[in-house]
Amino acid sequence: MGKVAVVGAGMTRFVRRAQETGKELSYLAARMALDSCGLTLKDVDAVVVGSAPDAFDGVHMKGEYLADGSGGWQKPTLRCFVGGATGVFAPIVGWYHVASGQFDTVLVVCEEKMSSCHPHPQGAFLTIFDHTTERALGPNLLWIFALEMNRYMTVHGITKEEIALVAVKNKKNALDHPCAHLGSEITVDDVLNSEVMAWPVNRLDVSPASDGAAAIVMCSERVAKRVSDRPVWVEGVGWHLDTAYWTNRDLYYPRYVEYAARMAYDMAGIKEPRKEINIVEPYDPFDYKELHHLEGLLFCKPGEAAKLTVDGVTARDGDLPVCPSGGLLGVGNPIAAAGLMKVCELFWQLRGEAGRRQVPGQPRRGLAQAWGDLMQVGTVVILGI
Amino acid sequence: MREKITNPDAIRTWPGKVPVEYVYTVGVASEPFFRALMERGRLLASPCPECGVRYLPPRLFCERCFSRLEASLELEPRGTLEAFTVVHVDLDGNRLDEPQAYGLVRIHGADTALVHRLAASDADEPEVGMEVEAVLLPPAERTGSILDIRHFRPV
Amino acid sequence: MSVKITHWPGTSLSSADFAEGRVLTVRGGVKAEYAWDAGVAIGRYLEELKRGRLVARRCDGCRRVLVPPRMFCEECFRPTDAWVRLADTGTVQTFSISYVRWDMVRLTEPEIPAVIAIDGASPGYGILHLLGEVDPKEVRVGMRVKAVWKDPAERRGAITDIRYWAPIREGG
């Protein structure tokens, strides 16, 4: 397999409601990514589009709709989708487009426009539950997060106070992100006293639904050395799906994330992730998910991620910065775009271009991870410089 | 090992729908287009400064070269009928009382076609290549929608 | 080669921009309804629910007893082998106290969704359902519960033929 680099990145602001249409958002991010590395559409051999269910934007066959805004005019173009894990899956698809030797330069674009969906995107989530055995109960998507969070807390004896620290950290980190939807300085008490949605989930435990797009440019080694003075290399990729029978699994541990991580670590030759990875951008649509995923990614033993947060290890200036971007909790959650935002963040951090968000100590290697569907999918990308 | 269905009464389906509706913004490129249509009865196009293609309705970007575009070209609502179809059934397959013609109209000065209704009339059978013009709603009834154009009719 | 980014695109709108007509919008929906086939395994599951019984499928490959039942084993990737009757009792694996309806409308009386591991199925194999006849403050992971069924005449072959699951009281 050929070596694959990321050479450019771009994103729109993540906002509650964007005036831009989905394809306009895609264009703005894609154009920014190309401009950032001095390439034009002529240089692009193929396009990968990542986007969540069509039901959110309200556009059927969204991949086709988004194709022109993503640079796919008269090019080999493919839309990929693995639920919430799509944003980190799209760069994996981009990677194998290039690693296979078929293409030299691939544009990867992820978009979501959640605000079109009324009265609430939750209405579209209903159909992810089994139509006969679950949907009749009137489930809200928050239920499965609440059920997983409760199981996680109960098995390990973790408190809501410890978990709330993740929301406090990420929303504060997001104050330094120019695209952030919900950066703010809050306290643990603010989280605990915010509206109870579905106990143990309070409002401030949850990331906001946002509109936005993000894009990266991926190249073969030959092109990367020509167009970039600081290519960031894809060192490992991994993905894994567990069964959709989510009520047959113990939700306290995301084993599918572990399997995805092990695949990526094997590829990257990583034996001790805690020592060999400098920045982590795990998927954090809810605060407890950051902890859950850090454990699945083997950065600590199951049940020990909360302590890393309490001890400040995961702070931006800590020993293992986690979500220095501000994550989904702070930057926002336009589903697929939010995952790719994490890959963009690694690109900027590893090149020392993250500005006020820059983690100290010249990080050499970072990991981005996303998660989705019915507690089911893990996707992992490891980048290094 | 598949079980045969012996009792058709036992065949079960579970009814449902996706209980959402959508509010779409028309977008940055289309906002001035619909405002010009509503307020002045004119059509805007966005020419690409790089490759020269004139898009109508306007777009934020040229899909061919990725240039950023402006809706800077104001055109009369007249053009050429590029293609048409006559529809006899509605979305559910029911017969329409009156057939409805739809066409692709290339507005003079634009390079892309617009899909819209054609005036219903026995006397004016549509013909590819014919000259057509937009019939607009009265200004007070316009809402900034593509339906501010009632239909196109032969000139 | 990378440019320093000074402008981040994207136009943020407020509720007032919509309410006061400062941006043009189009409304629309998806004009479709569905009739989903329950399928072979769940069809039988629903019929048994109507009779007031819970059933599972057993796989002789991995010896798991699977609920909800399925005609194939996703681990062994072979057909499952037999129907197994389960008890209508179980153990709460996890639960939530939910103040939001499916469409985010707020509820004053919370619902208590739970994953309930069913007695007779493989350990930890559960279904999504609701708890009832219990003070939300009293619910615990590990709590033993029993199905509270609708009257036979009201049952229609649906998961909601079980109204909810209620705690099994000591000595009761």
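We just call them A, B and C in the order they show up, numbering each chain from 1.
Heads up, the rule we're going with is that a residue touches a chain if its C-beta (ideal position, glycine included) is under 8 Å from a C-beta of that chain, and two chains touch if they have at least 3 such contacts.
Quantities reported herein were computed from a predicted structural model and do not represent experimental measurements.
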**Request:** Count the smallest number of chain-to-chain hops linking chain B with chain C, moving only between touching chains.
**Result:** 1
**Prompt:** More contacting C-beta pairs: A-B or A-C?
**Reply:** A-C
**Asked** At what distance in angstrom does the C-alpha mean of chain C lie from that of chain B?
**Response** 42
**Item:** Inter-centroid spacing, chain C versus chain A (mean Cα positions, whole Å)
**Value:** 26
**Prompt:** So what's the Cα centroid distance for chain A and chain B, whole Å?
**Reply:** 36
**Asked** Which parts of chain A, given as residue numbers and ranges, touch two or more other chains?
**Response** 17-20, 28, 55, 58, 119-120, 123, 126, 131-132, 136
**Request:** Mind pulling the residue numbers of chain B that touch at least two other chains?
**Result:** 12, 14, 16, 18-26, 28, 30-31
**Asked** Residues of chain C that touch two or more other chains: which are they?
**Response** 11, 13, 18, 23, 28, 30, 34, 36, 38, 42, 46, 103
**Asked** Tell me, which parts of chain B touch chain A in their complex?
**Response** 12, 14, 16, 18-31, 60-61, 63-66, 68
**Of all residues in chain A, those that touch chain B in their complex** = 17-21, 24, 27-28, 30-31, 34, 40-42, 55, 58, 68-69, 71, 73, 115-121, 123-124, 126-127, 131-132, 135-136
**Request:** Provide the residue numbers of chain C that touch chain A in the complex, in ascending order.
**Result:** 1-3, 5, 8-14, 17-18, 23, 28, 30, 34, 36, 38, 42, 45-46, 66-68, 70, 74, 93-104, 110-111, 113-115, 122, 124-130, 136, 141, 158-160
**Item:** Touching residues on chain C, where the partner in the complex is chain B
**Value:** 11, 13, 18, 23-38, 40, 42-44, 46-47, 71, 79, 103, 157
**Message:** Give the list of chain A residues in touch with chain C in this complex.
**Reply:** 8, 10-20, 25, 28-29, 32, 35-38, 55, 58, 60, 119-120, 122-123, 126, 129-134, 136-140, 142-143, 146-148, 150-151, 154, 178-179, 195-201, 211-212, 227-230, 243, 245, 247-251, 351, 353
